[in-house]
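Chains: A, B and C, in written order; residue numbering restarts at 1 for each.
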Amino acid sequence: MEQMLRAQNVRFRYDPEQPVWALDGVTMDVKKGEFVAVLGANGCGKSTLAKHFNAILLPEEGTVLVEDMDTRTEEKLYDIRQKVGMVFQNPDNQIVATVVEEDVAFAPENLGVPTEEIRTRVDEAMKMAGIYEKRKAAPHKLSGGQKQRVAIAGVLAMRPDCIVLDEATAMLDPKGRRQVMQTIDKLRAAGVTIVSITHYMEEAARADRVLVMSGGRIVMEGTPQEIFAQTGRLHSYHLDVPQAAELRDALEAEGLPAPKQIITPDAAADWLFELLK
Amino acid sequence: MLRDITIGQHFPGDSIVHNCDPRLKLVATIGYVVVLYACGNAVGVALSILLLLALYAIAKVPVKLILKSLKPIVPIIAFTGIINLLFYPGETPLVSFWIFNIYPEGITFAVLMAVRILALIAGTSLLTYTTSPTVLTDAIENLLRPLSKIHVPVHEFAIIMTIALRFIPTLVDETEKIMNAQKARGAQLDTGKLGQRLKALVPILIPLFISAFRRADELAMAMECRCYRGGAGRTQLKVLKFGKNDFLCLGFCVVTFGIILATRWVFPVIG
Amino acid sequence: MSDIIRVEHLSYVYNPGMPDETKALDDVSFAIQEGDFVGVIGSTGSGKSTLISHFNGLNRPTSGKIFVDGRDMWAQGEDLRSFRFLVGLVFQYPEYQLFEETCAKDIAFGPKNMGLDDAEITRRVKEAAEFTGLDAALLERSPFELSGGQKRRVAIAGVMAMEPRILVLDEPAAGLDPEGRDTILSQIKAYHEKTGVTVVLVSHSMEDIAKYANRVLVMHHAKVAMYDTVENVFARAPELLELGLSVPQVTQIFLKLRQKGLDIPIDVYTVPYAVKVIRRLWQEKQRKGGGSNAS
């Protein structure tokens, strides 16, 4: 499969005077159509990495490629930003306009898309994000989950190939989080590449691949099953496993033959049923 | 509470007043204010008010809202009324006390002034009630566009307006949250001497500023991510079109304003 | 034990008489006993935030009464501020309320407003910092230099330093990473155990509520839907799901097992308890010879 994003030996620090590297040699890639979750404790560098994917930050050493475009190529800046959309943590701080549809139109307006096409793009994006019914609403009257979907629609209106979610569900209640996750599922089905930076292990459990970051490096990589099988290692990076995996470990410690790949309630229930029926 | 502010609020609807071109509404509102003051006679002012009431009725804006928007300015009206009453010169005083003389002319003038201020506020409120702030900003940007030729930053002005409008409710909410948080820690915000009260604002203003700067930072980044690069080459989702209805409205305004203004030469001018 | 908070027929209406009038609380009555650790759950808009701001006198009830430590909060002649020192309220994202030059000064803001003397304030600041696991070296630093998690601790310490009889926290772990969540909540639990202070914890995380609370109050559509011990509330898992709430993952697993036809209890809400139940079932089955296990 083709690569969507590639980082090669990326090093970055916020203050070039200090020897503190926020990213300290990150090499990773994301294939087209893939859903990659990035986990890590606060300050591990995961948000810094996210901001490298659409040239908000540029590497001090190493390269970041979006398809085949080096993020340092200035002429390609807007092509890169159109290809890789970003959604941030605080939904309030990324909505510009006072009406939902006008906010969604912000990016195509900036890109100089003709008026008729903006309309099509905006409607399409709002339907995809599931906020079409709210198109005339004022953003501050919406719930957190709705606002975050407005932000997603605002990015989709650029017709990106990849969306990077930088802790996009961190400030949402469970309902809002569910809504955003459903939207992500829809985007996945439509072939959009997704990179999701999250603190929620349950969200990461749904990804194709999980990366774990610590101290500005990628320290673990694998399928969710592979990653959440290693509870001890995750703990050493100040991370957790979903409760289903916690139960699995606790049962294993009691001498029950709990298979390592159990990470979701469904899988746990299926196994326990076979065991106890 | 902060939430009680209704001036500048928008009440969506589907009347001809709502749907009329915002540029026309904006210009007409300015025209209305001019006519209101230029006609200078009781009949003219009465007609202006009738016109306004008719427009409110067409726009189906509840009377309760008009009253609510007028409430905060009552002290101002009362104050100017009293000043006019006391100091307006006339011929034969109606009442005299201490150093003041109140003349019948003063009474008419004071009443006329008060009514004009009320009509002014109610008239501009009608504009904001029936026009969303975004649309209004578009209208201002559109009307001022010729100025961008002489390097007036019209687009920048418009985007600042939009962002301000977008964030006012957010910051009002935030202020309330911070006030509650400090009250919960025993802060006293509404008692004490002026100095103490000003000092009591520090625990509210500092977090508010910090938060506003953080928001500005994050918003700027989000705008960059959405390819924002200033006004050059920008297109728009909604392009303002001056339609048939708008010409009719324009005609209506010209005629009614003309009639009101004409009263100046028919009835005695006051003040 | 005595009631520390008693709420009687409490109703609250936002924007009365306006088109957007909303009933945030509708005839709510319950009591919290001194020394309890009460978890409050409910979806956004269920009224739980309005409820806790009433504990602190930040909203005046449209009707009904609130008694704190037996005193009617809105009775004539009562000093509202004294209730705020009795009920410590930590809002969501409390780090956004920090404003002082140093962490110590910020923590001291509440105690200072109480009119305490300097020695007492210093003692309280130190103690509160300890309870929240804040390094003493950080106390003289500006709160704005700290990490998000540390700021959160400063803010919580600022309320603990008022030494309230009831500590109310609205989502104290929101937005923190998994370890940050666990640490802050365990510290609150330890504080509760050590001081005996009543704690009211609002959270969206059922796992957290199950782990720390001993009673659970479920709000739904401005009313109290359930108020009972943790076991009894999570035993009603299907009802919770119907209210649009979730249940801990272990409870979900047990619900699924029951749906599949296993005869097991569903009041299981923590991992250790789940392990106990499963171990027992497994041992029973092994004793019987495990005949039906074809795989």
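Everything that follows uses one rule, which is that contacts are C-beta pairs under 8 Å (C-beta built on N, C-alpha and C of every residue); 3 or more make two chains touch, one makes a residue touch a chain.
The structure displayed is predicted, hence computed values, not measured ones.
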**Set of chains whose contacts include both chain C and chain A** = B
**Item:** Contact-richer chain pair (by C-beta pairs counted) among A-B and B-C
**Value:** A-B
**Fill in**
Cα centroid separation, chain A vs chain C, in Å, comes to 30
**Item:** Distance from chain C to chain B - Cα centre to Cα centre, in angstrom
**Value:** 44
**Request:** Spell out the part of chain B that touches chain A in their complex, as residue ranges.
**Result:** 12, 132-134, 162-163, 165-166, 169-170, 173, 214-215, 218-219, 221-229, 233-239
**Message:** Help me check something: in the complex, which residues belonging to chain B touch chain C?
**Reply:** 3, 174, 177-178, 180-188, 202-203, 206-207, 210-211
**Message:** Which stretch or stretches of chain A touch chain B in the complex?
**Reply:** 54, 56, 78, 81-82, 85-86, 88, 90, 92-99, 101-102, 105-115, 118-119, 122, 136, 138-140, 151, 154-155, 158
**Message:** Quick check: in the complex, which residue numbers of chain C touch chain B?
**Reply:** 15, 53, 56, 58, 81, 84-85, 88-89, 91, 94, 96-99, 109-110, 113-114, 144, 158-159, 162
**Complete:** The chain A residues in contact with chain C across the complex are 40-43, 89, 143-144, 170-171, 173-176, 199, 201-202, 238-240, 242-244, 246-247, 250-251, 254, 256, 265-266, 268-269, 272-277
